[in-house]
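Order of writing sets the chain letters: A, B, C, D, E and F. Residues in each chain are counted from 1.
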Amino acid sequence: MKISDMNWRQVEDYLQTDNRAILPLGSTEQHGGLSLSVDSILSEKIALDAAEPLGIPVFPVLSYGLTPYFLAFPGSVSLRVETYVRMMRDILDCLKRQGFRRILLVNGHGGNQPAASLAIEWMADNPDVAVKFHNWWNAPRTFARVQEIDPVASHASWMENFPWTRLPGVIQPAQQKPMVDAARLRVMGPEAVRAYLGDGNYGGYYERPDAEMLSIWSVAVEETRALIEGPWA
Amino acid sequence: MKISDMNWRQVEDYLQTDNRAILPLGSTEQHGGLSLSVDSILSEKIALDAAEPLGIPVFPVLSYGLTPYFLAFPGSVSLRVETYVRMMRDILDCLKRQGFRRILLVNGHGGNQPAASLAIEWMADNPDVAVKFHNWWNAPRTFARVQEIDPVASHASWMENFPWTRLPGVIQPAQQKPMVDAARLRVMGPEAVRAYLGDGNYGGYYERPDAEMLSIWSVAVEETRALIEGPWA
Amino acid sequence: MKISDMNWRQVEDYLQTDNRAILPLGSTEQHGGLSLSVDSILSEKIALDAAEPLGIPVFPVLSYGLTPYFLAFPGSVSLRVETYVRMMRDILDCLKRQGFRRILLVNGHGGNQPAASLAIEWMADNPDVAVKFHNWWNAPRTFARVQEIDPVASHASWMENFPWTRLPGVIQPAQQKPMVDAARLRVMGPEAVRAYLGDGNYGGYYERPDAEMLSIWSVAVEETRALIEGPWA
Amino acid sequence: MKISDMNWRQVEDYLQTDNRAILPLGSTEQHGGLSLSVDSILSEKIALDAAEPLGIPVFPVLSYGLTPYFLAFPGSVSLRVETYVRMMRDILDCLKRQGFRRILLVNGHGGNQPAASLAIEWMADNPDVAVKFHNWWNAPRTFARVQEIDPVASHASWMENFPWTRLPGVIQPAQQKPMVDAARLRVMGPEAVRAYLGDGNYGGYYERPDAEMLSIWSVAVEETRALIEGPWA
Amino acid sequence: MKISDMNWRQVEDYLQTDNRAILPLGSTEQHGGLSLSVDSILSEKIALDAAEPLGIPVFPVLSYGLTPYFLAFPGSVSLRVETYVRMMRDILDCLKRQGFRRILLVNGHGGNQPAASLAIEWMADNPDVAVKFHNWWNAPRTFARVQEIDPVASHASWMENFPWTRLPGVIQPAQQKPMVDAARLRVMGPEAVRAYLGDGNYGGYYERPDAEMLSIWSVAVEETRALIEGPWA
Amino acid sequence: MKISDMNWRQVEDYLQTDNRAILPLGSTEQHGGLSLSVDSILSEKIALDAAEPLGIPVFPVLSYGLTPYFLAFPGSVSLRVETYVRMMRDILDCLKRQGFRRILLVNGHGGNQPAASLAIEWMADNPDVAVKFHNWWNAPRTFARVQEIDPVASHASWMENFPWTRLPGVIQPAQQKPMVDAARLRVMGPEAVRAYLGDGNYGGYYERPDAEMLSIWSVAVEETRALIEGPWA
């Protein structure tokens, strides 16, 4: 249930009987030939699909995250770590004020990890609220399914190429790109990252059959739903 | 053209011949019986409709803004002023780094005014980039059209009730609510605001014929488009 | 009653029977041929004149505000938005700690608007204190009086030329300057603003008869006094 | 020469031949029976008197400083250290932008010491500008003159009781208050400080003959003027 | 080579021929019966042992990190995320200013992960400096050695019990503690964490033979040294 | 008693009967031919020696402080004032949370003075905790002993040359360096400071007999111990 599809009375009614909420965390950043919003699209859709049968409200995705290494790829936007943790704190403070007590952060981008640190810091100030931080794509079951299909999988590869992240008219390369060296990447500035990455894919095929993609999705939705269901402490 | 419907190469190609970008500013806050995302929906859609024939990219809307007075209405989320201006600065810094030089902020929520202050501060640090801050709903021509139709118009009234902000199954009251006293409202804390506002509408009818609404929309799209076209200095 | 003309015991005595305070917000910035302190002088004097018969204490004016667009005019000083809202929060926190519960911010400079946003944010944290933000010069009655006298009135024009803001020995031009284009101004960096503005006046005559000025002052004092008197919620 | 008595062109003219500026740092805080603005009045007046024959501009005093220990004395206002150093940095940045290269901070309140730390930090970022931090009241010659007259001198005692800081109608006690124990004071919270201090004086007589006061003033003006004159490196 | 065992001239001489530096990141937090400084001791000693034959300087360990979940265990100290990233930025800025261009952060505490995010953000601002973030204890080869010895290993278990982290006179339990449920732990406030953890160990034996410990150490020193040696891009 | 030599249970036991703690504040900065860690080594050792017979725990020294003027001397690291006061606040918050109520900051570096300002600000927020700020080296009795031995004593001179701060193999000059002009130094940027200071010593001999040094140490330990013993209010 999207907060965007609710009015305040409906949220108030909901809070009479439940106190869970979901906040998806995305990013606006290069994903090779895929949408610049891959991480926002996926985290928000996983959250919505997982929450749907449970009737838990999903707040609007945070479309901007932490992605400084991609700043030489046009269209990528990165917040500062300090800005991001402040934003997280402000949002959690508001949700608590209104009665939410169990909050799931569905994260779609590895670079957003400081949100997890902030969540734990915030719980030390607000021990009556539980906040879970969930990297949907590398949670155990989902990641196992990805590995089962094809272990050469990475940022901007087939693994993020879903019917809802690909762009009409963009033809993906057919070959399997060799994995980049992640350790080297981590010590490069943005221009060097771009020169090294080329098209943006970190390694692996650019697309795989939809049946495989949907099977991953299905595992991820269930795995995320299980976290919503609990336990919460 | 949504950034979400582009990949980085398409943005790079665009930057060969143009340097404009649009960033919509929304809010997640009570709008009476309408969607909690009214301000996000409207600012993003105005931006997209205005930009469409010009081919200017529209970045994802900032879904969270400054709305502390509504914090007693469940589902409303407010960032701190400091957080908001930091977020704006970070985003503008990234856009500049990639070559954007003319940026239109299409704002959908009056409370976000400090973004305008930040934009001007930021231009003092970055005098080679022009940033326009545009309150789409009270720009001269759009506001004149609203007044022409019905001068009793306000937050969460008919004036924000478009086919894309109303919720299925929600019946709006038929009467015309008297205008609240805005001066009194401005010195109240959130709980007092809620007690005083009741359903959230600041005054006026709750809905009006779609033909009227679309005529407002059409003026607003044109007025916003004119700002994109320029002049820019 | 100036706080500068009181000692702490006198403030303590005052707080036995009242809980109002006034804080004027000024700016140090170019005002054409007028004093660089126009906004500080006017906001503090309006506050003092309005408060005088009521015996409400007026704290020292905040002499520095937000005015990045004027930074190419020597003598202009601008704080960052973040600094300014922090300063406002600190001061409000102290006033509350000592028992003030109704605080009027008498603002003399349009660029200081984020102080209004902070005041509302602060009331969400401190709902037991009412803070009014008052732009003395464009409040309804005062602005009507200005328009009545001469609708071509603006920053650094006759409208700010009072006996207490003009400088000895400075001769003002006699002609009526055409209004500058405010929309163009808002997308310029400081150097472009200066080149465009020339002497600093935004438009209108540079001076008008004192009788007219004093009639504006008189309306403004009364209008401000009415806000001090209330209602406060 | 007060900046408040100048317009921007006069400052620009000044900058053709000199690049010095003075910024007084005050505080709004209890001073026993004296004005709550003692530190602002004194630092601004010393600055003006010292600068006068040299024609160096004096910016408006920062009326609010760091004085958390006095928060239980009504009328005292304290900024946070972080706010204060940000404010100092913003102001120094502006002065540099306009061409000032030698800046004297005339400080009137011991609690403002972090401004000195900030000034040194800021010079590490801006090595082409010299910033002197001057505690006018305990500079060597001035302090020697105070000690010569009466070594029992302290905050809110006779030593701050000048014709321009005393309040009409307030009778000062005649006796010599014993010095408080400063070490004890420094580990007390505001309420304990107030209980311990009583009337606010730290020790010493409450007033002394004007001839003595003016002799101190005269030394302080000269000592401050010497710092303006240089050397500056 | 400890910076503490050098003077500035020796550092200057070093910088004539090399530009590498090492900064260990520790934490002051409960480690069961072991020293509260386990993470500081280990990260600093690994750094020193790895750097020794290479002659690379090791700066003093950052003794305080991010550990909010342990705040109910006396002696644990946690900085805020914002503080921590500011501290990291300040230090990196200084090292760059003096000529260091390749900096290894040897991290001893998982909670310090935002330092890695900051390092990448900082490299986007300073692309001429390479910063590696190294979790010494779960780097591939070291972690493999731990797993080989005993896969039940965790915070405050045998895996952190080295001759240099154990305390004289403290007897460790002999049994193997079952692993705690890390997922549950992550949504608990500090008091709940303490109640759940009991003695602080997350699972596993409390000590193992020194020969095993030294073999882990030896692998970790070599693995860390390899990172110092490079490649660095 | 070093916190590093304790585990959390030992701290908990301690807090049953006492609530004092000590935090040494150091700096990593040039000290002529002496260790770059002089201020950290001395503040931590004084704290430990003073606390030892009393059994009061000493937290790990803050190895990085405020020293922007020395940034042109390699190996010197300076935090920003804002970072430093945030760090202090975070640490004090944690100590309070765990039951400490009397905290002694043993400072080894004059530049760290804003920590004293923060301590007082923090006590205004936390009036139930007493925080003493102690500059061990210029406290009355210690400074008197230094002056008695040799009044020409300063930063990086003999006065900081203890058996535990000198470096093996470094030969100190034999002559007495004339005192530098501290007033000039304070308005210089880092490069000018370095050029002016030469070897880093501010004036005086580079070493004196150990018997003298140990007599200073002995006074300083006793003077510091007396502060731990109290009174505390």
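Note that a residue touches a chain if its C-beta (ideal position, glycine included) is under 8 Å from a C-beta of that chain, and two chains touch if they have at least 3 such contacts.
These numbers come from a predicted model, not from an experiment.
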If you walk from chain to touching chain, how few steps can bring you from chain B to chain D?
2
Compute the shortest path length in steps from chain B to chain E over the network of touching chains.
2
Cα superposition of chain A onto its copy chain C, rotation angle rounded to the nearest 5 degrees, comes out at 120
Please decide if copies chain D and chain F contact each other with the same set of residue positions, more than half shared, or with different positions, and reply same or different.
same
Counting contact pairs by residue number and requiring over half to coincide, which of D-F, E-F or C-D is equivalent to B-C?
D-F
Chain D to chain E, mean C-alpha position gap in Å, rounds to 46
Starting from the mean Cα coordinates of chain A and chain E, work out the distance between those two points in Å.
28
Distance between chain A and chain B based on Cα centroids, please, to the nearest Å.
25
Averaged-CA centre spacing for the pair chain E and chain C, given as whole angstrom:
53
Where in chain F do residues touch two or more of the other chains?
71, 78, 80, 82, 86
Between the chains shown, work out who touches whom and classify the graph as line, ring, star, complete or other.
ring
Starting from chain A, with chain B taken as the next chain, the full ring order
A, B, C, D, F, E
Residue ranges of chain B in contact with chain A within the complex
3-9, 11-12, 14-15, 28, 30-37, 40-41, 57, 59-64, 71-80, 82-83, 86-87, 90-91, 94-95, 97-99, 167, 170, 200
Which of the residues in chain A come into contact with chain E in the complex?
66, 68-69, 71, 78, 80-82, 85-86, 111, 113-114, 116-118, 120-121, 123-124, 126-128, 130-133, 184, 186-192, 231-233
